[in-house]
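You will see subunit A twice below: alongside subunit B first, and alongside subunit C after that.
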Partner chain A sequence: MTTIKTPRTRRPRKTGRRHPLASIALIAVGLLFTGGAYAAFSTSTAVATTDSSSQQTIAEGEKLFAANCATCHGLSAQGSAEGPSLIGVGAASVDFQVGTGRMPMQMQGPQAQKKPVQFTPEQITALAAYVASLAPGPAIPAAELLDAAAGDAANGAELFRINCAMCHNVAGAGGALTEGKFAPAIENVSAQHIYEAMITGPQNMPVFNDMNITPEDKRDIITYLKYVEDNPSPGGLALGSLGPVAEGLFIWIFGLGAIVALTVWITAKSN
Partner chain B sequence: MTTINTRESAEDQTVGTKKAGGFTATAANYIDERTSISGAVKELGRKIFPDHWSFLLGEVALYSFVIILLSGSFLTFFFQASMAEVVYDGSYAPLKGVPMSVAMSSTMDISFDIRGGLLMRQVHHWAALLFVAAIGLHMLRIYFTGAFRKPRELNWVIGFILFILAMAEGFTGYSLPDDLLSGNGLRIIDGLVKGIPVIGTWTSFLLFGGEFPGTDIVGRLYSLHILLLPAIIVALIAMHLLFVVVHKHTQYPAAGRTNQNVVGYPVLPVYAAKAGGFFFIVFGVVMLIASLFTINPIWNYGPYDPSPVSAGTQPDWYIGFADGAMRLIPPGWEFVWLNHTYSLNIVVVLAVVGLFIVTVMVYPFIEAWITGDKREHHVLDRPRNAPTRTAIGAAGVTFYASLWAAASSDIMATHFHLTMEGVIHTLQATTLLGPILAFFIAKRVCLALQKKDREIVLHGYESGRIVRLPGGEFVEVHQPVDEYERWKLVSYSDFKPLMLRPNAQGKIGPAEKVRAGLSRWFFEDRITPITQTELSHAHGDHPAAITDQEHQSEITDK
Partner chain C sequence: MAKDDNGAEDVTAPDSPGEELAPVAASTAVVTRDSLVNPGFPPHRPRVTDLDHKEERKAERAVYTLFYVSIVGSVFAIAAYMAFPIVPEDPGSVRLNNLFIGLGLSLALLAIGIGAVHWGKALMSDHEGVDERHPVRGTEPVRARAVEIFQQANEESGFGRRTLIRNSLIGALVVFPLPAVVLFRGLGPMDQNPVELLHETMWKKGVRLTMDPSGTPIKASDVTLGSSFHVIPEGLSEMEHGRLEEKAKAAVLLIRMDPADLVESDERKTWSYQGIVAYSKICTHVGCPVALYEQHTHHLLCPCHQSQFDVENHCKVIFGPAKRALPQLPIAVDAEGYLIAQSDFTEPVGPSFWERA
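Entry: the complex of A and B
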């Protein structure tokens, strides 16, 4: 940028800070500096808020825990008759349960229901940090394991059919379990929450540890689920992807209903 | 009136295929001289069909079948019924590189790589669902209007066999793509077959050519699906329609309609135009549904593999009642005896469903035996005028519906936030108690409606107008029912329970006693039709001055 060679006359007067491109270079340097400084600054603040190991975050999490969770899980997360112990469940579990709104629970029932999230991301991080500080447990997954674009949808689809579809349905539309429990639909669930569900086994879900399904395979499953979510059904409206029940209901009510309406129309007497 | 009253026996002048006309007439004459077809055209063209929406339901089934044949032929051009393993390399990314059978792979190609293939698949499948649904509704119409009575008992049986064959067609077709859903369906069939005592395992091995799933089943089902079953269905449909022509169409009771005539439109030109147009309407509805709504997304299900089973795995709706029956069986219904397992959970389902199917099939003969009615019937019953039959029908519908609903117990549990056990237990109760309750409610409703009809005929509609007579008496003016309406309300025949009569040897056998008992049960609660005397008396009750228009209360004899 600074080396401009012009084999012409009047070279001495057009070099250095008097060069025609000098102002542009100055602006570029200025932008670089400000941008860099801003980036450095914002990174440092981000690090500050997500530093789950900092004592300050843990203390904050402890306060939140005492105010919102301790009623059921006990003041030191040791558990009670109302809720299980959280010692050793890890940050991933807290991030999933609180991040999807399942915790704090609205009411005791067959299982915790999804509802609007009650805490800010910073508060969730603090809670997760506090629970993670109690004992080692599954951590929040790294970003590269959540990149749906990097996975193999075909492998993910096969793993999903074998390991997940019996409860969640092949298209992730959800399904029934015993005694009012159910496997929820996996639509509009973030990659991070899907991953965390697999490693922590929330509610009635089994844990799929890394020996069972490797982190890359988990990413492939996420890739498949995101593929289903992002690509509309090639056949038209999917009727909830519920299978033959939805199709049968549709043909009886709308198909045969329309046909019967038309037969009435055809045989109506003209006035 | 737009209806035309025609006597079938009336011979008219010959249909105009005059030689003098232009090309059409010449061509028609040419064909007629070589085939003598004019006789058939004359006969068929003058057939009268009554006009009522419910008479078109069978046509809907027929047209759906035509659509199925057309779209199915297209699919056979591309489908390969082989279970040889290939690696999928088509355009659907989430299955690329996955090993699957040729059947599945060719169905994927039809869906994604053949122009119009997915639409044709969806047309075929939606039309199949509509086909069986239309048959079901058609059968309900026939049943509740008593159209199966003499001389149409055999046509009921043919129609019922068509219903069973349609279900068989549906199930074999459902199993062809060899995807996860169809494989799970076949696994259930395999389990059912293996649950039959003594012959079960052998039959299963015979069917699948060895241990399930084997490599033969898709090819075998394909032969049934595109060759044997359609051929039988086409032959039976031809017989079914021939019977309709031979018996002539039934009609609802109304003024001028008797057992000796048919009131309606002739086939040519009115009915043929209507029916022909209606085919395109049905085709249009199926096309619209098929182009807007996904059916059987095999790309979600993936290739069959015996290990995974998806949540929400169900058969298509028409097999649902059998699936539901199995879900309703309480746990633990099997025992081991002499080193063999006896699966009552399966044997009971097969027995109950089989008994139900056979009962429905032979119902016309049962009813004819109970009532001892040997007359021909061409005028339909209004369902209320045959209370016991309607009540039996309501009980049957409740029973079927409970089994059917049970097939979707898991979907009901998730979507209505119920427990699966709660849904199953409720449906177990409705399966056993629902039919009894439905029987009594339907029968009482029928009798109440008959009473209301009687009231209307004898006293007319309440008009809400209170009139004070010169003598100071207050009466409500009743609007007399008009003659056309009255015809409909009074024209049904009375039945009485059979009398126990000794046979030629002067004895009353046990069968006769059972029959008399059933007949008493069938007819004990009944509202007798209004007699001529009652009618003329009834109108004497009211001051003649109020009903100012003179109404002839005479009713032409039926």
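Entry: the complex of A and C
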């Protein structure tokens, strides 16, 4: 019995939980929630994934930005003579440029080239969250807009021919632009990066916003590109899908070469 | 007439080992002192198939094997046609069908050709000889006889004498091709003047700018900075006939850039809207669609012959074979905020033509 009594005697102390600092702690918790909710709300237009907009990720991204990007883009992403301002470019732009290895740029040139990715996916998410927190911009697309299996390849092909094929080639093999610039090949590019390129218009590519090509149409374009990638050319060797240049070169070298060889053989004396 | 006039008196090369030199009388023989002497043939070298009976058998075997291979190739092509049919909706089946039929047919033809050449080179007689071309001019009696034949034909037919018949025949032959002119003219546009057609497009005052291919009208607010829209006139996507002909003239590229970047002449100040400009997509060189737009340099590149146009400066030509700037479409915004054309293009679009003023 005495053993039961002893906690009883303690109880009054336990029920008096209101520590002198309790109210302060409550206010602090309340403030944190409101602040967090506000931050989540204010960036929800910019970032689709909620976890990437948490204050911690943004802080992480800011550190990465200061260490890797600020030299050219400025400490607060305001831009400099070396690089453009990143205010308002959105998470999609960061995910595309950093996720394809184009940024950080290796050297100044006609255009930033694709190269091995320099950051982990978590770091890219953090960087994207930081840039998106500066000003609203195009967000990273939702997964259902990237599902190539759900799209209509025929519609995508028509839109691709009208809007994209003049630079990127009708089979997405890429092509030359002016003064050393080029439209890259779109083979083996992830659906997310294709989508992000359309909404952000990286480098000299024009922007194709959702009023121009709707999100569903963008998904159809991705479906078409993946279809071309997965299905072999019905006409045999595609030769890089470059059309008359590659095919003409092939027939000049091998076709005419065979004719010359046969001619030499026919006219040579038998031994 | 095709028979040999020279009575088989063709000359053979003097050094030809195959033919004996034509006999020449001692009195007419001339010693040539020309520096150019016919070098004749190199000494005859017999082939291995002439010397070695085994090699001959081997070559024979190779030739008939090649002909048998050709038969195999033909049979293979027939079998491939049956084994790899073209399945509708399956492009992969076309590839297999073409590949294997092609392999069989090329084997069949190549083997015949290679076998025949090998036969000729290795087994047929390797006698070397020259047949010189006989003179083109016929002998005098032959020429006189030819003239005689023509004269006789003229007399007997009365071609030169009955001039009325002759001239009416010539007249009939001249008129005979005329129906073809009418028939071929009928293939072209009949009730339209092609010069006028090239001068005007579907654009006119108040026609909305719509998206290619859907025909959705475009609001000025939809065209964000850096955007490029591929534009057709309102109503074109619903056209039943002549849609492509109209599109080929009316296709427009719509671009929005920072208004500060635009350098506009005074008379064209009102042709753009808050940095939105519309230009004909048809190259002024030979009419390829110019749509390779670079967002930062504001240059348009034509993929056919690398003409470049500067969108900042009314699409002036800055490189390449094009001679004229791309025509600009004057645009405005209607009460609902949609982009509309102020008028048609003020000059004919596309490449030059004879009657272009």
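One rule holds in what follows: the second predicted complex is superposed on the first by the 221 of 271 C-alpha atoms of A that agree within 3 Å, B and C clash if a C-alpha of one lies under 4 Å from a C-alpha of the other, contacts with A are read in each partner's own complex, and residues count from 1 in each chain.
The rule we apply is simple: a residue touches a chain if its C-beta (ideal position, glycine included) is under 8 Å from a C-beta of that chain, and two chains touch if they have at least 3 such contacts.
Predicted model only: the values in this text are computed from it and were never measured.
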Joint occupancy of subunit A by subunit B and subunit C, clash or fit: clash
Which of subunit B and subunit C A:182 touches, first, second, both or neither: first
Residues of subunit A touched, compared between subunit B and subunit C (which is higher): B
Which superposed partner A:81 touches (first subunit B, second subunit C, both, neither): neither
Touched partner set for A:237, first subunit B, second subunit C, both or neither: first
Partner chain in contact with A:107 - subunit B first, subunit C second, else both or neither: neither
Partner chain in contact with A:207 - subunit B first, subunit C second, else both or neither: second
Partner chain(s) touched by A:224 [first = subunit B, second = subunit C, both, neither]: first
First, second, both or neither for A:143, with subunit B first and subunit C second: neither
Contacts of A:157 with subunit B and subunit C, given as first, second, both or neither: first
Subunit C region in steric overlap with subunit B, selected from 257-265, 275-283, 293-301 or 347-355: 347-355
Residues of subunit A at both interfaces, subunit B in one complex, subunit C in the other: 158, 162, 166-167, 175, 177-178, 183, 233-236, 266, 269-270
List of subunit A residues in touch with subunit C within their complex: 158-159, 162-163, 166-167, 175, 177-178, 181, 183, 201, 203-209, 211-212, 231-236, 265-266, 269-271
Subunit C residues within the subunit A interface of the complex: 45, 47-49, 91-92, 94-95, 98-99, 117, 121-122, 126, 211-213, 218-219, 222-230, 255, 289, 291-297, 299, 301, 303, 308, 319
Contacting residues of subunit B [partner subunit A, same complex]: 2, 51-57, 60, 93-98, 111-112, 118, 122, 126, 129-130, 133-134, 137, 180-181, 274, 277-278, 281-282, 285-286, 289, 291-297, 299-302, 305, 307-317, 320, 407-411, 413-414, 417-422
Complex contacts: residues of subunit A adjacent to subunit B: 110, 153-154, 156-158, 161-162, 165-171, 173-180, 182-183, 224, 227-228, 233-239, 241-252, 254-256, 258-260, 262-264, 266-267, 269-270
